[in-house]
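Each chain gets a letter, A, B, C, D, E and F, in the order it is written, and its residues are counted from 1.
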Amino acid sequence: MSEQLTHIDDEGRARMVDVGDKAHTDRRAVARATVRMSAATAAAVRDGDAPKGDVLGPARIAGIQAAKRTWELIPLCHQLPLSSVDVTAEVEVGERDGRVVLVATARTRAQTGVEMEALTAASVAALTVYDMVKALEKGVEIADVVLLEKSGGRSGAWRRDEA
Amino acid sequence: MSEQLTHIDDEGRARMVDVGDKAHTDRRAVARATVRMSAATAAAVRDGDAPKGDVLGPARIAGIQAAKRTWELIPLCHQLPLSSVDVTAEVEVGERDGRVVLVATARTRAQTGVEMEALTAASVAALTVYDMVKALEKGVEIADVVLLEKSGGRSGAWRRDEA
Amino acid sequence: MSEQLTHIDDEGRARMVDVGDKAHTDRRAVARATVRMSAATAAAVRDGDAPKGDVLGPARIAGIQAAKRTWELIPLCHQLPLSSVDVTAEVEVGERDGRVVLVATARTRAQTGVEMEALTAASVAALTVYDMVKALEKGVEIADVVLLEKSGGRSGAWRRDEA
Amino acid sequence: MSEQLTHIDDEGRARMVDVGDKAHTDRRAVARATVRMSAATAAAVRDGDAPKGDVLGPARIAGIQAAKRTWELIPLCHQLPLSSVDVTAEVEVGERDGRVVLVATARTRAQTGVEMEALTAASVAALTVYDMVKALEKGVEIADVVLLEKSGGRSGAWRRDEA
Amino acid sequence: MSEQLTHIDDEGRARMVDVGDKAHTDRRAVARATVRMSAATAAAVRDGDAPKGDVLGPARIAGIQAAKRTWELIPLCHQLPLSSVDVTAEVEVGERDGRVVLVATARTRAQTGVEMEALTAASVAALTVYDMVKALEKGVEIADVVLLEKSGGRSGAWRRDEA
Amino acid sequence: MSEQLTHIDDEGRARMVDVGDKAHTDRRAVARATVRMSAATAAAVRDGDAPKGDVLGPARIAGIQAAKRTWELIPLCHQLPLSSVDVTAEVEVGERDGRVVLVATARTRAQTGVEMEALTAASVAALTVYDMVKALEKGVEIADVVLLEKSGGRSGAWRRDEA
């Protein structure tokens, strides 16, 4: 069944998929990471963010920079020149717990998709939030990292069903 | 409340915490990331991995390398010289779904902890698994990234309660 | 006279100075970069910065990250593990022109000084400000990048005379 | 007024400008950095440079390499594939003081301009000169970093007025 | 005679060749590195490789990643977006000695060739093999690193004569 | 036999050797790479090098920089803070052929040796020479990359026998 794994050749060895013969088309992907924490920690993030934006700002910047370096981090990814990356960060303070939600959008015109770039941006933004709150609370966790949307390329548009 | 956020100074600005006066002690942290996928995809990973190890091998290598670059990715992290990094990867093929579980362990002797290094290693290893299976299945997700253990430093040992 | 240039050997070739026999001492350096622009551009920075801090925040983060990568950028610099880096950014809106002043402070305990790290942080923070305002005004310039203070090591403390 | 800052979105958050819909055109930019020092230090650079070129050679190489890494250093810059980078370095030994003048030229065919690449090359070349002479003289400074010319793109050609 | 060295300008200074006016054509290059060791060490590699592929797997991954970073390592190389990189690794256990042979293939569509990318991939893969066996045997050596084939661009196809 | 390969664990998986319990001692390693070319090409390098040093200068700088990045390139290497790196480059123009010989010396005080740093510096310096002469001659090759000396650490001093 290993022939289904496109990064594995006939002898089971990892490889970069050859995209040299694919068309250059507009590609877009959106990914989301959620950092779950106590309501008190989330409130500290929300309040600490008020005057200068320096809690979520660095997380957003870290995510944007990581998207551009995805090909350095993920061994079999191609070097894609991104036409834009955007990362938003929202704090939710609930009754029982809280969360910071990071949504990353990446765009390019290339021979292969940008979902890894969006996922990497969301992951690194989430790790940066974690880094900033870890002194407040040890049990913080990255609750999930998921692809929300993807368009462009032969396989067409796809959207996560979150019903 | 922003004074609780150690990465934020009195005026709300992000900063690297000054660790210059802290003691050098042995530090160790263990983190885990779980990639959730269909049973069929997990079986392909397990089978593809049999002959040469090239599905999970690259994920483990990517995690080890990412641990060493944590300070480049997370803006306010210190440059820690790691004395070891290890990443294990296990495939579980269940009846209804499957998963790949990545566990990263980082060690150093330094003035600050290595949880970010362990978490970054686990996250990037998980992203690498995602990259390798994404052509098989679009709904794959990183189900969580959590710290399992942490020791060394003034705050002593900590272990996640997974009861 | 080339024997005075410590990075040049007896045959005129560039080299990293061997610091292996020097003592580990606490080192600190402060550097400043000034970005000069019109009063209107400076006002836009000041106002744009109000709600979320995202004009000067990214410049500060970029400076902190660049300090950690100084050894990658400056060929003959050593890899120094910084115990802290801080970058402050102030906007001054004058009658005839304006400026953004970036001040970077780096600390380490090492065998050689950290002035290059402080200067690199200030320079890259200034370039980031430039990048953000260049669409508003073409004549923006980095007016100077200077070392303000330096302490630690055999040569003792030094402070720039700005009288 | 924040709508004038193209790197800031409607809510005041930093972002990479989306260049996906802009035309690919030939872009060129020239930037200059000046390192000011005593006449004696400048003479040492000039003389040290005579036999092997290893004072200014490393500065030129460091500038070329930094131009290619601009997108790693400046958070909101795009990854531009440069078709050429050139850095020249000239020493001037005056009666009262001296200087090293670094001029960087970058070219690409892309959807956005290369002024940041030229400015980054000049800045890092200047920092490398600083690193090499700092043991001779503590008061050395980067006197300015300015854009000299820029062409390509919708805004057309621009040249700094240095009358 | 320095006018023959395309990386040296008329005044003998290093430069990146300007490729802005060259055509984008399909480029391909194949390079090989050979690591020579004792028969016993080669047998350990071969046997160690059997169950999980983790001796040669990391070398192949390191080579693929290094190909993508060639422009960071070789100062005057251009940033080429590779459409594929592949590295194969074979162990030969002879009567008197053994060897690991690494063959790297790089492809792109660009304005300049990819031989440096293939050679860098083969070199770094060989260094990774060396790193893994150096505890077993001190006299291991990289016996040669050569270009095997090159195609695309104005100079047409070339193949090494190994008769 | 895989237990002899220190980078492979009991289950055949790659790992970073844990050096946390080893002593910090002074380490030094010397490596050499030889680039073989025609006599005419070697003469062009020698002559091109005369006025400004810009043929071999960039190779030496590239080698020094690569030594500092060894841990990024070789997956299982530790991050070692080098106290010095030096690379020398000599051209030999013979009757039938020529060569450029690169010798790299690395020093540190650390828990593990620096032979990979010296070998990486020599390899990348050799690749840089190759890059500069490849337009003159296609058959250039890196003839060998070998460790010449190694000292420090438990295994004591070692010197290559080149009799």
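Convention: contacts are C-beta pairs under 8 Å (C-beta built on N, C-alpha and C of every residue); 3 or more make two chains touch, one makes a residue touch a chain.
The UniProt protein names, listed by chain, are A, B, C, D, E, F = Cyclic pyranopterin monophosphate synthase.
No experiment lies behind these values; they were computed from the predicted model shown.
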item	value
Cα superposition of subunit D on its sequence copy subunit E - rotation in ° rounded to nearest 5	120
Separation of mean Cα positions, subunit F and subunit C [Å, integer]	32
Between subunit B and subunit D, centroid-to-centroid distance (C-alpha), Å	37
Residues of subunit B touching at least two other chains	12-14, 51-54, 57-58, 61-62, 65, 69, 75-76, 79, 81
Contacting chain pairs - touch in the sense defined above	A-B, A-C, A-D, A-E, B-C, B-E, B-F, C-D, C-F, D-E, D-F, E-F
Interfacial residue positions of subunit A with respect to subunit D in the complex	26, 53, 57, 60-61, 64-65, 68-69, 79, 81-86, 88, 107-109
Residues of subunit D touching subunit C in the complex	1-2, 4-8, 11-14, 43-45, 47-48, 50-52, 54-55, 57-58, 61-62, 65-66, 69, 73-77, 115-116, 119-120, 123-124, 126-128, 130-136, 138-139, 141-147, 150, 158, 160
Of subunit C, residues touching subunit F in the complex	9, 12-20, 71-72, 75-76, 78-81, 111
Subunit A residues within the subunit C interface of the complex	51-54, 57-58, 61-62, 65
